[in-house]
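A, B, C and D are the chain letters, set down in written order, and residue numbers restart from 1 in every chain.
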Amino acid sequence: MLTQTAAQALLDRIDDELRPALGEGRVASYIPALARVPAQRFGMALCGVEGVLACTGDASTAFSIQSVSKVLGLTLALQALGVELWEHVGREPSGDPFNSLIQLEHEQGLPRNPFINAGAICIADQLVSAYADPKAAFLQLVSGLCGEPISFDEEVAQSEREAGFRNAALANFMKSFGRIRNPVDVVLDVYFHQCALSMTCVQLARAFGYLANEGVQPGSGDRIVTARQARRINSLMLTCGTYDAAGEFAFLIGLPCKSGVGGGIVAIVPRQLSLCVWSPALDAAGNSVAGRHALEMFVTQTGISVF
Amino acid sequence: MLTQTAAQALLDRIDDELRPALGEGRVASYIPALARVPAQRFGMALCGVEGVLACTGDASTAFSIQSVSKVLGLTLALQALGVELWEHVGREPSGDPFNSLIQLEHEQGLPRNPFINAGAICIADQLVSAYADPKAAFLQLVSGLCGEPISFDEEVAQSEREAGFRNAALANFMKSFGRIRNPVDVVLDVYFHQCALSMTCVQLARAFGYLANEGVQPGSGDRIVTARQARRINSLMLTCGTYDAAGEFAFLIGLPCKSGVGGGIVAIVPRQLSLCVWSPALDAAGNSVAGRHALEMFVTQTGISVF
Amino acid sequence: MLTQTAAQALLDRIDDELRPALGEGRVASYIPALARVPAQRFGMALCGVEGVLACTGDASTAFSIQSVSKVLGLTLALQALGVELWEHVGREPSGDPFNSLIQLEHEQGLPRNPFINAGAICIADQLVSAYADPKAAFLQLVSGLCGEPISFDEEVAQSEREAGFRNAALANFMKSFGRIRNPVDVVLDVYFHQCALSMTCVQLARAFGYLANEGVQPGSGDRIVTARQARRINSLMLTCGTYDAAGEFAFLIGLPCKSGVGGGIVAIVPRQLSLCVWSPALDAAGNSVAGRHALEMFVTQTGISVF
Amino acid sequence: MLTQTAAQALLDRIDDELRPALGEGRVASYIPALARVPAQRFGMALCGVEGVLACTGDASTAFSIQSVSKVLGLTLALQALGVELWEHVGREPSGDPFNSLIQLEHEQGLPRNPFINAGAICIADQLVSAYADPKAAFLQLVSGLCGEPISFDEEVAQSEREAGFRNAALANFMKSFGRIRNPVDVVLDVYFHQCALSMTCVQLARAFGYLANEGVQPGSGDRIVTARQARRINSLMLTCGTYDAAGEFAFLIGLPCKSGVGGGIVAIVPRQLSLCVWSPALDAAGNSVAGRHALEMFVTQTGISVF
């Protein structure tokens, strides 16, 4: 277990080494709110299951969590449906880009896993069926995990809708196979809002604590999911959490991770700690360049790996 | 050239031979207005470029022309855009089902040809840009070709929209690649209406006369398209006009054909005549079973072929 | 019908107009014997079914006919097997490059048509089963069609084998689905030899006369295939004869054509004439650039089209 | 850490519970030597890094390890090439069946990972380049890991060659992209032999000890690979080790596993133990049905998981 002092020293060292190289990669530009984030931003936060909290850089700046939210959507759906959820979405890596329709067509509209867009839209459809107000349920879950109010960035949600033709294609395509029960517009509204959650590194590292603690949120002691569900979410993060680079992340970093095109990456060290790193410039696979480097440095310097 | 007597005798013979076997195949059932058409219906009409008109069976019963309308949409777009149209849609057989998204994904949203759904939707988008009232322009073209008023079946158009998730997926997908200029709803409204044109075999055989007559409508003498455009539309019908079975139709029938899931098939004998056959029960590729048999009998008994 | 004088004048005019532009495109370079052919070569020959013969440029220079031979292989197989052949190979355009394995995998190893490599290899397997000496049968057919001895270029055949890993992959892949009966090496030996037939434009235009004459070879009066088989071969040439550009050729030229990477293209005007044009520089789809231009000029200036 | 007594009790319990259900699934039948293994066979062995050894059932019966050998081939290649190996093979899950050519075609012949057939053949090519006698090197590595002589089953190797058209297709296809340096026959001979290694559960559990012990073989203390390499091999086993069901195994079992169509599955608990379970009847994905059940029981009863 890392002590408070060791954790802080480690993050400071990573920040020192990484900061000169910041800016490599390209900031997502498909919506204005993402495009205007400076490429040089970098923040990192670490929460130990026993209370250690370390952070560095822009760890308290809110950013758009984007696909990191897919883990939260999965959590909310598992709370409502349990194992029945897996009748609606698969658990295999996709081998195709996150927003590909090819695999969907070959597999009759069943999404490969909850972390590609199709899978997350399919889960949003389940949330619409299961919760009277799924957007409120989302905010309640996340605010509870963070211990402070979290909200949607409505400008981002609006932009997502206006640029969301690929996601509309995915949703309509799945509906043509009978995989979506609710109206496409309603489902996409939930999906676009979850992508538009605005959070800081500190908030995200804290929010994901339950996945490092066998399903129990470290601060509050609340059980969020069962221990088995927590292990399985971690497994999905490792095999499917970083788009087309999941194998590469597993190989080089060896921890369950979930990334978003806002530049955030959350990583879990089971039974020890949760991490969040953020830097908006992305590599070709859509993962934060500096975020990935920071995680590689973290595992190299600590020797931590699930393997 | 077939005489009036020979043409009528030929159609009578085909009707006699085919009628006992009617009903093989399955009537399209994805919308109620198609599902309730009796499988035993069969009609056939033939219009020679010099005035011969022969028909048999249910040749005067209106049916939903569905994808046969894609030829009319292409004609309308060529009238407005000429060769510039081909910047927006390809001219190659697809090798995939008519409503597949796979090829679109591999080819950056550019539809392979005007006769797959994606291509026809793309053309509908061009019509929305080119015509103040594209649905009125459609009716004007078709009514002019037939010499009598033609209308949309609004029940069918409405059902198409309600069942049209796959087409909505295609339209949104192409829009995500920047291939669709107008709002998806507006484009699909035109597309769903063109599919819902209600016509008889006699009307369709007459309407397609310009393709058998180097671009000039036989009755009226109106030039509809240039001779070169007429040849090229015929070429596309031969290579792409009958869904996944275009090679098979070219091989067995050897004439430009365009089919629809309403059970209609139009065929062209260049410089001689246009034909329409209708019977609603379809084979696995979506082509009328009896319609195809009728066309095979027609070419076998006349020795007619473009090859 | 073109007269001798008109035919010769037409070819002279095409030669005059095209010659300054020769050299656009790239000569095939995967084997030395093809790579060393000068890009500027251009020849053209035309044989009318009633005896007209016109030619221009390098029409008497032998070149490697490559995939043009697939029509001859199909002819030989139809002579031996008749309609039973179609249990082993399909008749649909492929929508994929000529040497793709993707479609084969999706369709359990059944080649889409006889003019993609997989289809031609499959036909070579049938020839091995049907003929005691399939290579001799090939030479006998082609020499008979030309009225003079034709032979294989053994250097080319040898090079094809040495570079033929993709074809070996196709053959082994089909054999893994049980689609190839004979040993892969034996089948590929036939296939590589047929590709290595060395012929001139005049010989090829003459050899393909039976396809312009309802199955009967014009000079000798020999029936090569039935009239129906001739029409069907023409149909396949139109829908599948020019690699990925078959739709484009049908659209722009409107005649059954078969091309090869040696730069030859044969075209058929049913009931009138057969043509061969040759120029070794190829476009991206593998068709002769000047050959295609020459055919476009031919149909524009004569108004000839099957449509 | 499991004690000797606890480990033996656990395996006995699994054996008791599983044995009545044995036989579900289908024994691989593509070669005679596999087809004749009785479906009821079941064995399991466990080796702790500190010397615990437990086993049950047919744990001392030799079977064909098939694809389990891909981990050994990777180990041998990493010993010779280190990180340079990764220029020749990827590290991503494939999303396609183990012997698919589709992904290869889309990705210019570069295999997705070392555990699909294409990747293992590509590694065999590297072994041919790196070792004077790669088959001897294989036997030396494996015999050293087991502490006793291991050999190839030559009947199986011979049968693999005779039935190996799909693998010959893969090898030729990669060679057509320039990805294979050595002659296809030589490479496949190594590949077919490694698949034909004949080992028992006890031998396999012991052989894989170095992956549970940060690269050092527990019995001998020999360093086989670096600690980092061991972690990375484990990572690849988790993301890619069980064919198309890797996500499912990660989700349900949560351990690095590698399976073979002989019915063997090896699993690693990092820093604790290595396991081998064998039962020849396979599920649709090609993994041992009883083997998978045994592993699920093992993790459920111990609570062991990397997550």
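Simple rule for what comes next: a residue touches a chain if its C-beta (ideal position, glycine included) is under 8 Å from a C-beta of that chain, and two chains touch if they have at least 3 such contacts.
These figures come from a predicted structure and were not determined experimentally.
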Problem - Distance between chain centroids, defined by C-alpha means - subunit A, subunit C (Å) - result: 55
Handout entry: Chain centre separation (subunit B, subunit C; CA means) in Å
Key = 32
Fill in the blank from the handout: When centres are defined as mean Cα positions, the distance from subunit C to subunit D in whole Å is 48
Completion exercise
Multi-chain touching residues of subunit C, meaning two or more other chains, are none
Practice task
Report the topology of the inter-chain touch graph, choosing from line, ring, star, complete and other.
Solution key: ring
Exercise for the section: By the touch definition up top, name every chain pair that qualifies. Expected result: A-B, A-D, B-C, C-D
Handout entry: subunit C - residues contacting subunit B, complex
Key = 90-96, 103, 112-113, 230-232, 234-236, 238-240, 244-248, 250-252, 254, 256, 270, 305-307
Exercise for the section: State the interface residues of subunit D toward subunit C in the complex, per the touch definition above. Expected result: 100-102, 104-105, 165-166, 168-173, 175-176, 184
